[in-house]
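For clarity, chains are labelled A, B, C and D in written order, and residue numbers in each chain start from 1.
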Amino acid sequence: MRRDKIKIVTIGGGSSYTPELIEGFIKRKDELPISEIWLVDIEEGKEKLEIVGNLAKRMVEDAGLDWKVYLTLDRREALKDADFVSTQLRVGLLAARIKDERIPLSHGVLGQETNGAGGIFKAFRTIPVILDIVEDMKELCPNAWLINFTNPAGMVTEAILNYSKFEKVVGVCNGPIGHIMEESKLINKNPDELFFHFIGLNHLHWHKVYDNEGNDLTTNVMDAIFEDSKKEKRSLNELPFMEEQIRNLGMLPCGYHRYYYLTDEMVKKEIKEFNATSTRAEVVKRVEDELFELYKDVNLKEKPEQLSRRGGAYYSDIACEIISSIHNNKGKVMVVNTRNKGALTDLPYDASIEITSHITASGPKPITYGKLNSAIRGLVQVMKSMEELTVEAAVTGDYGTALQAFIMNPLIPSGNIAKQLLDEMLIAHKDYLPLFKVVIQEMEKSL
Amino acid sequence: MRRDKIKIVTIGGGSSYTPELIEGFIKRKDELPISEIWLVDIEEGKEKLEIVGNLAKRMVEDAGLDWKVYLTLDRREALKDADFVSTQLRVGLLAARIKDERIPLSHGVLGQETNGAGGIFKAFRTIPVILDIVEDMKELCPNAWLINFTNPAGMVTEAILNYSKFEKVVGVCNGPIGHIMEESKLINKNPDELFFHFIGLNHLHWHKVYDNEGNDLTTNVMDAIFEDSKKEKRSLNELPFMEEQIRNLGMLPCGYHRYYYLTDEMVKKEIKEFNATSTRAEVVKRVEDELFELYKDVNLKEKPEQLSRRGGAYYSDIACEIISSIHNNKGKVMVVNTRNKGALTDLPYDASIEITSHITASGPKPITYGKLNSAIRGLVQVMKSMEELTVEAAVTGDYGTALQAFIMNPLIPSGNIAKQLLDEMLIAHKDYLPLFKVVIQEMEKSL
Amino acid sequence: MRRDKIKIVTIGGGSSYTPELIEGFIKRKDELPISEIWLVDIEEGKEKLEIVGNLAKRMVEDAGLDWKVYLTLDRREALKDADFVSTQLRVGLLAARIKDERIPLSHGVLGQETNGAGGIFKAFRTIPVILDIVEDMKELCPNAWLINFTNPAGMVTEAILNYSKFEKVVGVCNGPIGHIMEESKLINKNPDELFFHFIGLNHLHWHKVYDNEGNDLTTNVMDAIFEDSKKEKRSLNELPFMEEQIRNLGMLPCGYHRYYYLTDEMVKKEIKEFNATSTRAEVVKRVEDELFELYKDVNLKEKPEQLSRRGGAYYSDIACEIISSIHNNKGKVMVVNTRNKGALTDLPYDASIEITSHITASGPKPITYGKLNSAIRGLVQVMKSMEELTVEAAVTGDYGTALQAFIMNPLIPSGNIAKQLLDEMLIAHKDYLPLFKVVIQEMEKSL
Amino acid sequence: MRRDKIKIVTIGGGSSYTPELIEGFIKRKDELPISEIWLVDIEEGKEKLEIVGNLAKRMVEDAGLDWKVYLTLDRREALKDADFVSTQLRVGLLAARIKDERIPLSHGVLGQETNGAGGIFKAFRTIPVILDIVEDMKELCPNAWLINFTNPAGMVTEAILNYSKFEKVVGVCNGPIGHIMEESKLINKNPDELFFHFIGLNHLHWHKVYDNEGNDLTTNVMDAIFEDSKKEKRSLNELPFMEEQIRNLGMLPCGYHRYYYLTDEMVKKEIKEFNATSTRAEVVKRVEDELFELYKDVNLKEKPEQLSRRGGAYYSDIACEIISSIHNNKGKVMVVNTRNKGALTDLPYDASIEITSHITASGPKPITYGKLNSAIRGLVQVMKSMEELTVEAAVTGDYGTALQAFIMNPLIPSGNIAKQLLDEMLIAHKDYLPLFKVVIQEMEKSL
């Protein structure tokens, strides 16, 4: 690193998020000596790549920078001698996400594109593609860092670490930063004055908050949250947690905990939305269509305001900050997906975990947390097993392992319903599941 | 041990199982120099104690033995200088079990007196009583061994080990011996020719089977089971497991796994039974009433045939065999609930686990198994966390911890339904939950 | 913390190091709102306390600060409401250190005031005194942080954590900073550009070095060291390590490793010095006497140049920096003695280790390192066992445990020589070993 | 197993121990349906093989058995379809052992053919040969069990498990049985009445003793040992341990602990013997020469009395009993070298350890022991690291790793003396160290 000229490659460059990423780089122009940005996409995404790529070029030019922005469908050309590679792809596009959510809900089961049945299928579709990219990286840019923010980010990181045996990967998610911003505000503190110790898995993490006098403010944040949730009439989307249970945790949960702690209510809410209107995937699709219309405007030279409605706030900011922290050996404390190595003694040594880490030029160093209490330990352990099974099924295409992952997942009812759902989803996604090809063919024959 | 005269104390001596236990001792008269058997019960069970105690006396006399059989309501008198104490009590009697099963089912939730909501409440009622007995033992017979077969046997053992800090306890269950007998028969082998390595928790264990040539027969047993379940038309009670999933486990599950692996079907089956006829608890109650009628017959001098319909086959045989193995330092291999100490590296070092152990005069020594695969690890870990929370709630009476145990339990739907169920059960069982007294009073006030 | 007024207490305030500490505080006057500094000593050290305390007052005044400097023999008065307490005491003064070194050497055994027989006795004398101070702190200033730089710093920290059950302690040593400064210079880098990952125990640590491009420079530092040690004619004090062995380590050793890796040469060297001139303790004593002469000069208003000859460079700088990092929640990366909690999976979870940590207002958070290779693991494990035995003997006064610590220590020959040495040292130090009183009396009787 | 005809192969069949092994098989003729015994040796041992092989044939014939005894130099022919393979070889013969002991002693260092410098070189010579045999077994008799009693048995087992990745190996030693027999006698008990829990490494194990009432007799055995060692005037060979230290251990040490706990005295004793007379190796050599003279007598048809003077009592008995226990799925409790798998949580999961195990047809299952106390933990951990380094050096021929093993070994003084000794021994043994060939050539050039 600390080369004079940095080459950055973004795979899935045609994503609607790209303008935010470009904005993040521009904001850090003084700390990142970028020379080239390569936006890569696949044939299917060519049109979007053109639209968003041209906006990126206008943004860079408008900022008075001499960075070269390349648009390409040739991944290998792009990867050659890259310094940082970011992945923000969606195998099967939003159409696949719609299936991930709709099919489970039609069985009365949570879809949920990261933790539930949908998340398992996203992993099945995504992991083989990412491992392929990593093979290219090993050949074409073995010293580059891979910044993955493709979901399910935890499982993707685990697959890269344990199957590709590639260590220079950081999995990122905007969840933790969202908590940091919101909770700081709730207790009227500046985020910089606080130390947040996050531990767990991607989309299943808990945290403690300390102030700059060393006081544990976790309970104070809980007070503020429960006060707040009583005061305001919250939308259904923000179902209030059960207070006694959360207080018993001793740590603050993340938003995704509602799926685990309030499964019943979440299923009902999603089914209601599903019947009434549309899934999250469909909402996102509409927002995206509108965004690309805006992006086409040749006068647009900055990230449009509307992008914030897409969700994923702070996403690109984290990605750019990770890149800058590695490049500049900042020693900044950030929450990332990385190898455990004992930081959480209750999870396997080699597992990918999401944890507050010290980011250096030689990668993230997780900050030791130690033993988890019973109320946290069991859930994070069962989900890690589920992740391992999912990753294994994704790389082997083994049906029994896939079924086991479904059974293990606390968000999927056990029994034949799990099997029916698995079968239906395998058939629905067959175009993006080459490793399961034979299994699916057998299944279709017997229909 | 190896004293010339053994004093045995059975707490809950008025149980319908007692004749089987007495039969087991009589069968081992040559290896157990028994001098006294004390059957202890509480005021509520006085009548049954009389009936079953007199049968016990007739059985001993009929066998030509000079053992003294005492019936008493004075537990402390009985415990004085005891060598072995067995506990087979049911706090709140079958009436409590009926509530444990009926209340959850009325919410569409599994009752299940050991693993589900019912099991948690059985633990809440039972653990404080057992810990009290252990305090008496520390004072009156500190060198005696406690053979606990009161359910939930795993959690009771964990409470004794980790809260009473009393090490001379063995938790026993007839589940494993049932598997050993049935599976040996299925593959036409003599149980003595096979080595069964059981690991896990009480009512949640897995096992591997080896023959006397060292071959791993686990797959052969699976073949036989799936062959068998296709051949015969099985009753609903024996729902067939999903073959691909079980084969992927690499180990044989236990009967209780149906609750976890086929949750959906099990709930439906139980609700159907619940509506149509009666719960397991109610069936048992009728069988028991009939048994006590038989026991009254002064001409009856042996265990009646009908006892076998009560369930719990081999129970007393295991208890007597454990006592004999400890007394005679047999080095026999049996499956018991005991402290982990590294035998299963994926569970806490101090946890109570159910495992194939070498039984010596200095207690059970678990036979090391090592790491569990992902498909087993997650479930056993989440249940151990649930057990820890349940035991903690049972000894503290803390509402938040109790709620956490409900939420953690994979057999109880998460969300407000868990809380409602918890509250309803607390109120229903209030007479047997002195530690939760204040919590329940507050709850009743707000109704 | 972040109180407007900080009260700092230094126990052993009459130490020759105190001027350096005062200088460190003065240097940080803008980040540390100090209001009071209490220098505490015992009757025996009263004269030195006066001398050094008056110099401290002149230094503060000369810096134009309004901090109040108190000199006292009343520890409890000083501790009341303290914010930071530092301990730099020497039970038995330098006279004890001279015995620690002379007695072993007279048997042909390394003395070594931290790792060898001398270190064990320093622990025996010091730990009970420190635990007493901690008891006072629990009562008088329970929220204060204890910054311990009394040797053996690792064992003292372990005793405080595991016997006093007091968590707000940081053990510090100037060893790591010495390596950081020297090695940076050797490879012509600025220390700020490098990341040093130190792991191990106090006076027995290893480290890896990374540059700000993420490259592992450990081998480059080795190259420079071995190049350097060939080039220059090194004094005996800097015995060259065996190159093949060090390279096989994969990590850089610390200076104290010579005792373990070159035991034979080190013994010979020390015996030679012992015969020819004097021990390290005696050299230090002369330097100290000279220093106190200088300190008496009422015109001296700053730390005299000669203090640097005393050894212990950077000591006070680290102590002051730790205090500032905690007070200001700096998140600085420093090497400290703190509780392991999984950062080194090969050492006990609760052990005190010396490790690169992230320093926050809520204390040091060790940066996870993971598994150690065979070449490092064994030595650090045997020394941790030795430390545990030493600490246990120090708090119990048990002779067998003390003997076991001697036998376990790789720097003390096993066999009766260990026992003879132990006995001789117990008698020599009896005035400072109240817990061993009975043992020593028995011993003296049998002489 | 449980085949009708068992084929046994003994590699190193020309050993003086073979008659004892044959006697062991004859004694178990009713439980072992042996059909063929193959005695294999190398060209150098041809003459001894003839002598001892013919005695074996006479013994079998005299016992009225129809077993076929084959003598061969063709290892691969012998291994074809074997059921059990035992290895009792000595690479370099006794001449090498003499060097292993003489060279270190000439530097004032313990030789010791298993734990010290001699043991490291025995590992260097032996491990590559054994791994070669294992490769043949994988091809020619993959289902056979390898019973290794070639020293250093622990390191050889570790090499087979972790480098050959071959699981069907049991390492055996006669040390534990010796303790069992002697200590039972000391406390006037029958060994069958006691339970010995051995844990540790080969030639470095500790144990606890329980009687058949479950009482821990460890202290009683210590009493008897110290009583006994005071009463009788013991020979130098039985240096008394230091009582306070041993009592502090809480477990009984093994004979080899004298090397670690009384290093100083042991070195002196060995040097004295070395100067006065001869090493253990040389004594053994004379005994062996006499034995082979006896074996030649065609009228000798049984194991001669004089073999007991050779040492290694019970050796063949253990080997035969292991074979019978595996073959007959006996479930017998024996002490063997096998994979840890969590039985000792303080040693690596995959390490070979020596531990009381339950022997079944599917191999030894270690009986969980749990955590070790500080006084035991450190020594066993440093020796396991030393073993790992030794095994790694043996399979790689890496000089730095070999030097590291020397430095780590507590029986070898650290410093240049270790290096000089290593170098001298490498040159002395060069004919049997093909993997170190280049290293040695370089070394010789620079002489």
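Just so it is clear, contacts are C-beta pairs under 8 Å (C-beta built on N, C-alpha and C of every residue); 3 or more make two chains touch, one makes a residue touch a chain.
Quick caveat, the model's predicted, so the values are computed rather than measured.
A.B. asks: Check every other chain and keep only those touching both subunit B and subunit C; list them.
C.D. replies: Chains in contact with subunit B as well as subunit C: A, D.
A.B. asks: Among the chains, which has its CA centre at the largest distance from subunit B's?
C.D. replies: So the chain farthest away from subunit B turns out to be C.
A.B. asks: Where the CA atoms of subunit A average out and where those of subunit C average out, how many Å apart are those spots?
C.D. replies: Averaging C-alpha atoms per chain gives centres 45 Å apart.
A.B. asks: Can you work out the whole-Å distance between the CA centroids of subunit A and subunit D?
C.D. replies: About 55 Å, centre to centre.
A.B. asks: At least two partner chains per residue is the criterion; list those residues in subunit B.
C.D. replies: none
A.B. asks: Could you please write down every pair of chains that are in touch?
C.D. replies: All chain pairs meeting the touch criterion are A-B, A-C, B-D, C-D.
A.B. asks: Within the complex, which stretch of subunit B touches subunit A?
C.D. replies: It is residues 242, 244-245, 247-249, 260-266, 374-375, 377-379, 381-386, 388-389, 392, 398-401, 403-404, 407-408, 410, 413-417, 419 of subunit B that touch subunit A.
A.B. asks: Under the touch definition given earlier, write down the residues of subunit D that touch subunit B in their complex.
C.D. replies: Checking each residue of subunit D against subunit B gives 1-3, 193, 195, 197, 210-216, 326, 328-329, 331, 333, 340-345, 349, 358, 360-363, 365-371.
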